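What follows is a pair of complexes built around chain A, which joins chain B in one and chain C in the other.
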Partner chain A sequence: MKNLLDRRKFLKGGLASGVLASVLGTGKKAFAEHSFGGYPNSMGVLVDLSKCIGCRTCEAACNKEQEMPAPDKPFDDMSVFDEIRHGQKRRTSEKTHTVVNRYDVPGHDGPVFRKFQCNHCNEPGCLSSCFVNAYTKTPEGAVVYNEKVCVGCRTCMIACPFYVPAYKYSSPINPVITKCKMCYDTRLKNGRPPACVEACPQEVMTFGKRRDLIKLGHERIQKNPGKYIDHIYGEKEVGGTAWMYLSSVPFAEVGFNTELGDQPIVNYVKEFLTVVPMVLTIWPALFTGFHLLAKRKENQKESQKATTPSDRNA
Partner chain B sequence: MSKKFITAWLALLALMMLNVQPAQSMEGPDTATLDSLTDLFAPVSFNHAMHVDVVANDCAVCHHHTTGTKVTDERCARCHKNSGEANSVACRDCHNANPFSAENLQKIADAELLFHTDKPGLKGAYHRKCLGCHQEMGAPTACENCHTKTEKGEAFYRSGKFAPTPGKEPASE
Partner chain C sequence: MKRFVAQGYDLPFINNTAISGGKKWTIKEKLLLGLTPSQYMDQFVRNPFNWLFTLIFMVGLPILAGRFYYGLGWATHGSYDYPWGLFLGWGLFVMVPLSASGFMLGTTVEVFGREDFKPIERLALLNGLLGYLFAVIFLQVDLGQPWRLIYPMFVSLGPAAVLFLVAWHVATYLSVQVAELLPAVAEWGNWPGMKKFVKSMILGLTISGIILSTLHQGALGALFTYAPGKVHPLWYSSPFQWFYFFCSSIFAGLSMLIVVSTLCKRFLSWRCDRRFLDNLDHQTMGLAKGAVLSLITYLVIKIIAIAHAENWAYLVTGWGGYYLLEICFGVLLPIVLYTKALRNNRPGLARFAALVTVLGIALNRINTALVAFNWNLYREIPHWREVIISITVYTLYIVTYRFILYRLPILYQIKAKP
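Then we have the complex of A and B:
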C-alpha cells in the first residue's frame, strides 16, 4: 500500500502542470465523495458468537446445500478443532465454504467457537480486484462468483481481507475459485435464509435486512449489560459487511483481524487506478508534444547555424 | 381410503391434544414429546415432571410469564408484572418454527409497536433454554443425550454408516 501511495504521489507530481492538475483534482474529489455503502435493502446475517456451541451443524448444512465433496471426518467429529495446518486453525477451502473453530480465551469460562465464511462485503475487495468481472454483489447482499469468466489469476484471494476465496487446486482441468455465495441460487434470491442459518440449533445466526440487524445487534448489546463487547464486527469494517458478529470476548482473541479499518479495500487503490487511464492516454501525447517542441527548437537553431554562420564570428 | 384419511386425522388430533395438555393443568404433563421439528433427530421425550422438580415449581424459569407465575427477571417484569396466564404455554405457539421466512420478517417489520423483535425461533428457543440450563447445572450437553440421530441425520452429518472411510489422512493444502 505504501508503495502505491508513493507511486501516486509521484504520478501526481508528474501531472502537476496547469490544466492536467485541475482535471485530476476534480476527478479525485468526485471519487472520494462517492461511496457506494451497499444496497439499501440488502440482507445480512448477525452471528452471535456467545451462543455458538461448536456442533458443526452449519458446516454439514453447507456441505449438503452446496453439494460439496465428502469431508475427511464426520461433521460430528470434534477432533477437527485441534487441527493445525501451516500454523493456522482450519480455514475455508475447496472442500468447505464455512468453518467453525474453537478458541480457548484466557479468563473466559469455557471455549469460544467462531463460525466464519465469506462476509459478503458491501464493497468487496475480491470484486474490485477482478479484471474480468467474475464477481457480482447482488442487491440481496450476496457476493457471487461466475466461474465461466474466471481466468484463474487468483488476485481475489490476495485482495480479500478475510482470506476467504479458495482455489480448486485439486482440479487440473477446471480449477476455479470456491467461496460461500450465501446460498444465493438456491435460497437467498427466493427470500430464504442461507442453509447454515436455518440449520443452526442455537440460532446463533439471525437473518434479516442488514440495516435491521445493525439495530438489533446494538439493542442486544444494550439489553444485556456486560455480556457483549460493545462493537458489531462488520458494521463498519472494510466499508461494512453483510455478515456481522457479536462477541463476548475481544474480537482479536477469536481470530478476527481488528486492524482492517473502515475503508473499503477498493479505496486504497481507487485514486491510483483513476490515474492509470489518464496516464495511458495523455502522457504519450503530452510528451510527444514536448519532444517535438524541443526538437523543433533544436532544429530551428541548427538551421539558423547553417544559414548564418557569419553571425557567430561577429 | 376415506376411512384411512379419517383415522390419520384422528391420530393427528390426538397428538395435538397431547401437546396442548400443558395449558389444561397447572402442573403440566409428566412427559411431553417434542416432535414438531423432527427431521435429523428423533423426537425428544421430555420428562416434564422431573424438570418441574429441578426448578422447584418455578414455571417462569422456562415458560416466562405465560403460566401465571410471577416473573423473576426484572427486565420482563417491567411489562409482565401483572400478566395473567396465557391461552397457551406451548413453546411453539409463540416461537415461530420458521423465524426467518419472508412472511415472518415482514410481520416483524410491519408491527411498529412490537417489543419482542429479537425473539428466537422454536429450534433456537428449545436449544438455548435447554442447553443453557444444562451447561449451568452440569447436565448432559451432547446432541444425542437428548435426541438420537435419524438415518437422515446420520447422512447429514456423514456419521455412523455414512462416515468417510477411515484411515484416509486429510489432504493437506
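Then we have the complex of A and C:
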C-alpha cells in the first residue's frame, strides 16, 4: 500500500515537471518544422565588382543617410585601403554600415574593389539566433533590427556568417547592434533604392526584384563570355541573400567566403532543436522508470527482510 | 576557525545539535559563527586567503564598476569579430558544466535511490546553485544592457532561438536549485514548515532538474552551431555539439564536486562532521566511476563525430595537434588516472584526476568559445581589464561559496536532538 502511494506521488511530480517542460518547449517545436525560402517579391541589389572604382561615394552616402558620426578619415582619403587590423581589411563597425576594400589580385590588371555591407539573407542567422526577436525580415527584403528590445547578448554577431553586425561598445547606457538596414525606413519601404545604390557614379549596383536580378546576373555572365566568373555570389549562399555579387576574379580572392555552403544558418541548429521535444517527452518517462526500478529493488529487499519464508508461502 | 574549534569554542551546530546549553542559537550568533565581532575579525585577519581576496577586490571592484560606467568598450577590446570574450568564455561556458553536479547527485540520490551518496548531495546542490548564479552574474557583466535581462521572458520573445531556451532553462533551473537547497536553509534557521513543503515535491524538482539540465547544457553547445565555419571543424559538429557539451558536463560536474569536497576536507574540516569526512573516500570513488564512464562516452562520440564529418585530415594540421593535445590532457589522461585510481582504490589519485578533468573541461570550453573560434581569422588575447574583472567575479563566487559553507548545514547535519 505504501508502495502504491509513493508511486502515485511520484507520478504526480513527474507529470507536473512534464507539463512545465512542455509549456517551455512549444515554441521550439514549431520552429524545427517550418522553413522559409524568402519573400517572393522581395527586393535586392546586384553588385558588379568589375565596375567599382573604389571612390567610396557609397560610404559617404550611407554615412549621410543614416546620420552616422563623422568618419575618422574623410571619404576622399584613399589611404584607408591600406588599413590592416589583425591581418584583416576594414570591416563594418559602429561608425560605418558599409565599407569598400581594395584587393590586388595576381594576374589582374589593376586593383579590384569590393563593397561590403549586410547581405540581407533570406533566412538570416542573426534573426534565427535572437532570443528577443529583435530582427525582422521585411517582405521588401531588408533585415531590420529593433534596438528597443535588444539585451546585448551579441549572439547575432556570432551567428552572422558574413561578420556584419557591429556593436556600440563605446556606449555604457545604450549599446546596440549597428548594421545596414537597406535604408528600410527612409527609402526601401517607399520603393526607393538604398542611398548607396543611388549615389554610385559608376552604376555598380542594380536595384530590383531579387528574382529579376538573378536573371539579369546570369544574362550578363552569358552575354560577356570570359568576363565574369560563372557564379552569382548570394544567389544560393546560406539560403540566398538580397545583395548579390558578380565578379571578374575568383570570389575567394576578393574577401568572399566561398565555403559557406547553401544551407541557411538555422539548418545547422535544427539538429539540436529537434532533440528538444524528444528530451522533453522521453526524459520524464525514462527517469520515472529508473526511479521505480530502483525503488522496487529496495522494496523487495525490505519486504524480504520483513517477511519470513513461511509468510511468503501462505 | 580551526583554532577556535581546537580551543573548544561552542560554535553553532558544531556538535550536530540545534541546541547549546539549553537554548537555541540566535540568528546573529549563527551569522557570526558564535563568535564576538572582535573574535570574528581576528579569525578574518589571521586567514591569509582573506588578504589575497581583499587585494583582488581592492583592484577588481573599481574596474568592475568602471565596466558599467564607461561601457564594455573600456573593459574589453570591444571586438566585432569576437563578440564573446572571457566573461562568457569562462563565466558561462566553463562555470555551467562545472556546476552540473547538482542535477547529477540529485538524480543519483533522489531518482536512483542511492542513499549512500546523501552526505555529499547538498554540497553538489550548492555547487550547482552557486555555479549557475555566478554564471548569470558573469552574463550580466557581459550583456550590453543587463537591465533588460527579463526581456526574453516577458517583453519580446524569440522562442526559436537557442539562447531563449538557455535563458528560460537557466532561470527555471536556478529556482529549482534554490528550492532543492531550501531544506538546508530551513534547518539552519529552524523553520520546519519550509522543509516539509520542499520535501513533498523533491522528486518532481529533481526530474525537472534533469530535463532542464540536459537541455541547457546541450543548448550551450548548440549556441556554437550558429557559427559553422567560424568554429574550427574539429571543435564543431552540427549534430553532436549539444551532446559534446551535455556529456562532458557530466564528468565536469562530478569532477568539480570531487575537487570542491577535497578543498572542504583540507580547509574546512572544522565545519565537516564525521558523516561527511568518513564517507568522503567512498563517495569520491563513486563519483570517479561516474566520471570515467562519461569520459569514455565523450571520447567515443568525439571520434564518431570526426568520422561522421570526415575530419581526419584536420588532425595532421597544427590545429589538429592542438586538438589532440586537448583530448590527451583533458580526456585520455583523466581516463587513465581515474581508472588507475579505481583499480587500486586510491582516492588521492582520483582527486588528482578530478583536478585534471576540471582543467581539461575549462580548456575545451575556452578552446571552443575563443581559441578555435574564428580559426581562420586571428586570435584575440583578452584585455587586461577583462581578465581582472573575471578574476574578481570568480573571487566573489569563492567568497560566497565559503560564506555559505561556514554556516548552512551543507558539510554537516543538524539533528533535532543531541
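Methods note: the second predicted complex is superposed on the first by the 253 of 314 C-alpha atoms of A that agree within 3 Å, B and C clash if a C-alpha of one lies under 4 Å from a C-alpha of the other, contacts with A are read in each partner's own complex, and residues count from 1 in each chain.
Keep in mind that, in the parts below, a contact is a pair of C-beta atoms (placed from the backbone, for glycine too) under 8 Å apart; a residue touches a chain by one contact, two chains touch by 3 or more.
Predicted, not measured: the structure shown is a model, and the values here were computed from it.
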{"item": "More chain A residues in contact [chain B versus chain C]", "value": "C"}
{"item": "Which of chain B and chain C A:125 touches, first, second, both or neither", "value": "second"}
{"item": "Touched partner set for A:269, first chain B, second chain C, both or neither", "value": "second"}
{"item": "First (chain B), second (chain C), both or neither touched by A:169", "value": "both"}
{"item": "Touched partner set for A:278, first chain B, second chain C, both or neither", "value": "neither"}
{"item": "Partner chain(s) touched by A:105 [first = chain B, second = chain C, both, neither]", "value": "neither"}
{"item": "Contacts of A:153 with chain B and chain C, given as first, second, both or neither", "value": "second"}
{"item": "First (chain B), second (chain C), both or neither touched by A:193", "value": "first"}
{"item": "First (chain B), second (chain C), both or neither touched by A:221", "value": "neither"}
{"item": "Which of chain B and chain C A:72 touches, first, second, both or neither", "value": "first"}
{"item": "Chain B and chain C contact sites that coincide on chain A, given as residue numbers", "value": "86, 93, 169-170"}
{"item": "For the chain B and chain A complex, residues of the former touching the latter", "value": "75, 99-102, 105, 109, 117-118, 120-121, 123-125, 127-128, 131, 135, 141, 143, 156-159, 162-164, 168-173"}
{"item": "Chain C-touching residues of chain A, taken from the complex the two chains share", "value": "9-10, 12-14, 16-17, 20-21, 24, 26-28, 30-31, 86-88, 91-93, 125, 128-134, 146, 149-155, 157-159, 161, 163, 165-176, 257, 259-261, 265, 268-269, 271-273, 275-276, 279-280, 283-284, 287-288, 290-291, 294-295, 298"}
{"item": "Residues of chain A defined as touching chain B within the complex", "value": "51, 53, 55, 57, 60-61, 63-64, 70-77, 83, 85-86, 93, 110, 169-170, 191-193, 197-198, 200-203, 206-209, 212, 216, 219-220, 223"}
{"item": "Residues of chain C that touch chain A when the two form their complex", "value": "68-74, 76, 78, 80-81, 83-84, 107, 110-114, 142-146, 148-149, 151-152, 155-169, 172, 201, 203-205, 207-208, 210-212, 214-215, 218-219, 221-230, 238-239, 241-242, 377-378, 380"}
